[in-house]
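Which chain is which? They are A, B, C, D, E and F, in the order written, and residues in each are numbered from 1.
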Amino acid sequence: MRENTIKSIWKQGGCALNGWLHIPSTWSAELMAHAGWDSVTVDMQHGLMGLDTAILMLQAISTTQTIPLVRVPWNEPGTIGRVLDAGAFGVICPMVDTRAQCEAFVGACRYHPQGYRSLGPTRAKVYAGDDYGKYANEAIITLAMIETQLAMDNLDAIASTPGLDGFYIGPGDLRLSLLGAGGIDNDDPPFMAAVDAILAAAKRHSIAVGMHTGSTAYARKMIEHGMQFVTIQSDTEMLRQAAAANVASIRAQPAPSKRADGY
Amino acid sequence: MRENTIKSIWKQGGCALNGWLHIPSTWSAELMAHAGWDSVTVDMQHGLMGLDTAILMLQAISTTQTIPLVRVPWNEPGTIGRVLDAGAFGVICPMVDTRAQCEAFVGACRYHPQGYRSLGPTRAKVYAGDDYGKYANEAIITLAMIETQLAMDNLDAIASTPGLDGFYIGPGDLRLSLLGAGGIDNDDPPFMAAVDAILAAAKRHSIAVGMHTGSTAYARKMIEHGMQFVTIQSDTEMLRQAAAANVASIRAQPAPSKRADGY
Amino acid sequence: MRENTIKSIWKQGGCALNGWLHIPSTWSAELMAHAGWDSVTVDMQHGLMGLDTAILMLQAISTTQTIPLVRVPWNEPGTIGRVLDAGAFGVICPMVDTRAQCEAFVGACRYHPQGYRSLGPTRAKVYAGDDYGKYANEAIITLAMIETQLAMDNLDAIASTPGLDGFYIGPGDLRLSLLGAGGIDNDDPPFMAAVDAILAAAKRHSIAVGMHTGSTAYARKMIEHGMQFVTIQSDTEMLRQAAAANVASIRAQPAPSKRADGY
Amino acid sequence: MRENTIKSIWKQGGCALNGWLHIPSTWSAELMAHAGWDSVTVDMQHGLMGLDTAILMLQAISTTQTIPLVRVPWNEPGTIGRVLDAGAFGVICPMVDTRAQCEAFVGACRYHPQGYRSLGPTRAKVYAGDDYGKYANEAIITLAMIETQLAMDNLDAIASTPGLDGFYIGPGDLRLSLLGAGGIDNDDPPFMAAVDAILAAAKRHSIAVGMHTGSTAYARKMIEHGMQFVTIQSDTEMLRQAAAANVASIRAQPAPSKRADGY
Amino acid sequence: MRENTIKSIWKQGGCALNGWLHIPSTWSAELMAHAGWDSVTVDMQHGLMGLDTAILMLQAISTTQTIPLVRVPWNEPGTIGRVLDAGAFGVICPMVDTRAQCEAFVGACRYHPQGYRSLGPTRAKVYAGDDYGKYANEAIITLAMIETQLAMDNLDAIASTPGLDGFYIGPGDLRLSLLGAGGIDNDDPPFMAAVDAILAAAKRHSIAVGMHTGSTAYARKMIEHGMQFVTIQSDTEMLRQAAAANVASIRAQPAPSKRADGY
Amino acid sequence: MRENTIKSIWKQGGCALNGWLHIPSTWSAELMAHAGWDSVTVDMQHGLMGLDTAILMLQAISTTQTIPLVRVPWNEPGTIGRVLDAGAFGVICPMVDTRAQCEAFVGACRYHPQGYRSLGPTRAKVYAGDDYGKYANEAIITLAMIETQLAMDNLDAIASTPGLDGFYIGPGDLRLSLLGAGGIDNDDPPFMAAVDAILAAAKRHSIAVGMHTGSTAYARKMIEHGMQFVTIQSDTEMLRQAAAANVASIRAQPAPSKRADGY
């Protein structure tokens, strides 16, 4: 069984760096997998890929040792099973608000008796080894997103779900639910109070906490604040910013004039 | 007929900014088309898309006013006709070394009697207007790549090909052919001598010159040197650099330590 | 924020003309978007496209000002969120039979506090503008399909769901449920009684009513009857009928005989 | 209406041979459809195709008279409706543990009043005939998978669901649930006791039983044991074994030496 | 070996009706193949599909007995071989102006010793039968397009090429070359003189003549004029016209007013 | 620069085992790459994939250390450059009959001054290392197919082409050309005489010889006869044979009778 190095990083007290894939392309996925992230996540919730393309992207990531994760569009066992069978080594599940939802999520990721995932790891077995079936329950990472006031109210109930490996904070939705407006890379006290409550609940139940960030500066701050898993931007955001910067740099200067010698 | 704004920029003595697409995805293409470039080029020579995907990308670019161009993989009339019928407003053709090759290239882009392109602008007509057939010969841009010593020897013969709109300098291949080693963003005298010869020939025959660059600094220098069309990097290079910078920024600092308060 | 012109038509008391997409192709989608409809709907319920292709079709529609809508395959928040993030400006949801189902549907289309849609309008923001997050709750159209006796029994409860913009009548399923047999473009009294009940409930709660039709004649009749949104046929049905007519026209005449002069 | 020959085989007391598709390709699907199976099943649960590709594969199977079936990823009406509209002549549903789940599954496959499937058999009508709507409730096969102890406890309740055509045994999950370890082609007494209980319940309610097997030997044994539908391996497993055998055959012999005459 | 029914129609002195595919979709291809045409042609020259999609479309056409043809983008043996191996039962080649070009085209369609096509009919053998290799040289149709003055000058040289089955007239390019302006469905004397010259040359060398038309009326006229193969419109043109007619029909009447009773 | 292990095998006097890909799927490609072959070849000549899919397959192969090769559809520099840029570590070129053709082929695979390949190894550099440009001329394998009498007449001229790494024998076409009938796995004296002539010419010019075979028995024979590269069957042929064997095994026995006990 191939090692899930994210778990190994956590065991050593480290923080995993995670890349985020919105572009529906195997090539951008392969590039990102080569960029040095510990893991990259195919975001099937807000990304532009359907399942057909997501599977191809999981293959492309496997050209490297980078760990492939998937954020599923919703807490639905059919999709969760499919991305795991296709070789995802972990699942991030959005909008986990209650213990029952968390049990449904984690159960979809675990074989009997820990859960109700169906046996048939067609590609996972080729990717991870013939003993995948034996070790998958232990190796696969499950991250529940805490994004609402309701989830905040249920933190301990959710955190204590057997088989849950961690929380993942989606700052946009969480801020929208708690404070009435989205936004990322914000560390105002009300938001940080929520973050601290999440970290504390996770600590009580010995699970990890991860977070989506929009810059290395904020990511660094959050790592220092206790995060064990941080995502920085997305392929889309990186490409958008880089292209905008290139164009702006040229446009900023006076319109090019003709050379004095007439060329 | 939709205006080819690249030609308009040239008429006003300006320099067109061109984005470069290697990622086989409509989403990265749409993002790039929104980034402020005057044109974006689907690079079917060194990019990772085949014709099926290139056509989809041309559609995605058309969600904006950015002009869609294609670099074809080779001087072959079948492919040239197809990308034009799919709505490309210009073609960059690699490795044009002789007048005969240039005539073959330009002829594939022009309807009778200026050339031998076949009538049937299936999507081009929808994209550009019902009068496409009437104005296409004038609107479509043809750029011949000067990449070898042989092409340098034939500059005037190539530049004077009726219907040719410009040269496009591929610095990697041109340097390899002239100087024995590739590389971009280099302005050593032997290379700049070649660039100047190209600019001079273009001026003699009233065509434009464009160039591929790897940075805004070099692009700026080349604009000032007389280029009327500059490409800066590619989607792949921008994404690669941005991801590497993000990862390096986090990795550069000491490994994150646990918070003093135990989180 | 890009204007949702369907809402504008409704405000002016007009009826929106809607095209219907079953062919899984960006090209037929782009053609249909150019045909003059006010909106075109990617039908992910009975059409032949999965999510991967649906996203590409939404991009192709955006080459025009035609409003892109999606009929989702089922009342499931994961898919609803994905097509909205990909730029759909409205969702038609099948088989909405109860108030609870309608609340689940509408909630999936609205950000907190109107609903529980997750923030992350990756493409929608590029398509509609950076302020998409602020105005989406108002701009996005939600249409609940009334297709069963149960839905008829719950018309007021459904119609009064906060955030619901309209009903969409699927005549085939509604007739099957009410009258025991499907069929479209039928205006027999029992069916029209149901239609009138739907129109009346909609009027009581100030929402719009739309309907699927199979011909311009019936569409005209339904517009005059009070519909504010009519669909006419589908790309598949139009292509099928046109091809059949062409073939029949030639086959109808005697088999072609040889010319008298032997050719 | 095209005949569903699997039903015809069952009426004659025969056993249908079923091929299993995991490779997301129309070409392997077409090849398998030509191989002599009575039916082939696109496995959307453990196979590598999403819905976009599954639809293409259903078309490819229709180049033959082989009956196209689909195993859906989960008991979810949206996906079930879509594969039926795309021409599947039967659905295998995983993890049917209770009567309510079975009713939800079968209802999604049947038009009113037998179920709640939505009318709109876009491709099914072209594949099977214009009278598809009239005969589909009778022609479409519904197979519920018995994979857990809970399902074993509910055998009669499930088997008696109106409109259910048969059970399909997934030996891996069933063994895991009953005996704590997966595996196929095993006929140890505890497992065969469960198989016999399933056969007995099916007989009481006049439905068929099918099973997944890993070899012709075991398939033969199960046919003799009363199965009316057997699957043998999958395209993936056949290709994997054949390639491994070819490689092993060459590798097994001593490394090739140079010919005596020096070639 | 499956019969090429187009050849059979010709032997009986009939005219084959041909459908034309520009939409890159297996679904529109399958629909068209069901519409009653004798053959349908995947137009890889002016259509929107690349080779990947063209192959899928050839599979979709094979769900019927309709004969699959391909117009290749250019007279290039690689592409010709590929579409034949994928099951095309005939090739239409654009811009065949000389005897040498025609020999290159026909040779690419025929196995040794009639030509130089490479053996390896991977899908063709499955589609047409195991004896494909033996009968393909006879069954495959080769149609050379006459589209230029140069081709008109070489009519007899081209028509007498061994293995050529017919001419196909592309009226747009032919008119452009001969008369300086494109257009279809035109029977002015200068154009008809060219048509008659083509028919006469074909008769001298016992090959067929086909033509692209834009309406059943013109197609009928051309059949009566001696054509043995006529294409009517394309999927794109049919869909465009049908959608435009539907929209225009509704828009033509006064804007819908509100019902007197307020709905 | 990643090592091209096929060259290493040759240096050690060994024979490389090559798998052959006709199925247009990344999954079958990944499976085959895991099967133990030294290399696998994406056959773009007789396989069912276009360039879009071929590129995805090259990525899938890179999940392993198996060397990716491509057989191009024709001796055309555009396609050759594209598959090399996408990461192919060698090219098999069909129908190389003359020295000039061989020079054109090899030149398309080599950078200046050994050839005229254009610089831009977009994916190759990521796959093989940043120093790809420096070592590619040495690492990339070029195999010319000897398939005609003309090629036999030019064996020494072809074999002595600088930069050519080997011959690849396509027995079907070669037998058709020399003996008037195709077929594989045949070792009748006339064919073996040709094979020996090819081996002898290769030995004179120090290049390797490979061959396509249909069975391990024949492959073994050819290895002993001096081949340094053998292909055994294809994914399609393996799947076809395995499926046929499974079906035949069940069909061969008497139709299954009902169990004595009535099941």
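By definition in this document, a contact is a pair of C-beta atoms (placed from the backbone, for glycine too) under 8 Å apart; a residue touches a chain by one contact, two chains touch by 3 or more.
Given the structure is predicted, the values throughout are model-derived calculations rather than measurements.
**Student:** Chains touching subunit B and subunit E alike, please list them.
**Tutor:** Under the touch definition, subunit B and subunit E have C, F as mutual neighbours.
**Student:** How many hops, at fewest, get you from subunit C to subunit F via touching chains?
**Tutor:** Graph distance in the chain contact network comes out at 2.
**Student:** Which chain's centre, taken as the mean of its Cα atoms, is farthest from the centre of subunit E?
**Tutor:** The most distant chain relative to subunit E turns out to be A.
**Student:** Centre to centre, using CA atoms, which chain is the farthest one from subunit F?
**Tutor:** Farthest from subunit F by mean C-alpha position: C.
**Student:** Just give me the whole-number Å value for how far the CA centre of subunit A lies from that of subunit F.
**Tutor:** 40
**Student:** Where the CA atoms of subunit A average out and where those of subunit D average out, how many Å apart are those spots?
**Tutor:** Result: the chain centres lie 34 Å from each other.
**Student:** On subunit D, where are the residues touching two or more other chains?
**Tutor:** 22, 24, 26-27, 31, 48, 50-53, 76, 79, 123, 236
**Student:** Taking touching chains as linked, do they make an open path (line), a single closed cycle (ring), a hub with spokes (star), an all-linked set (complete), or other?
**Tutor:** other
**Student:** Going by the touch definition at the top, which pairs of chains touch each other?
**Tutor:** Listed by label, chains in contact pair as A-B, A-C, A-D, A-F, B-C, B-E, B-F, C-D, C-E, D-E, D-F, E-F.
**Student:** State the interface residues of subunit C toward subunit B in the complex, per the touch definition above.
**Tutor:** Residues 26-27, 30-31, 34, 56, 59-60, 62-63, 123, 126-127 of subunit C touch subunit B in their complex.
**Student:** In the complex of these two chains, what residues of subunit A are touching subunit D?
**Tutor:** 50-55, 76-79, 81-82, 85-86, 111-113, 116, 118-123, 133
**Student:** Note which residues of subunit B are touching subunit A in the complex, please.
**Tutor:** 13-15, 17, 19, 22-28, 31-32, 35-37, 48, 199-200, 203, 216, 219-220, 223-226, 230, 232-233, 235-236, 238-244, 246-251, 253, 255-256, 258-259, 262-263
**Student:** Considering only the defined contacts, which subunit A positions touch subunit C in the complex?
**Tutor:** For this pair, the touching residues of subunit A are 22, 24, 44-53, 72-74, 76, 79, 94-95, 147-148, 170, 172-173, 176-177, 180, 182, 236.
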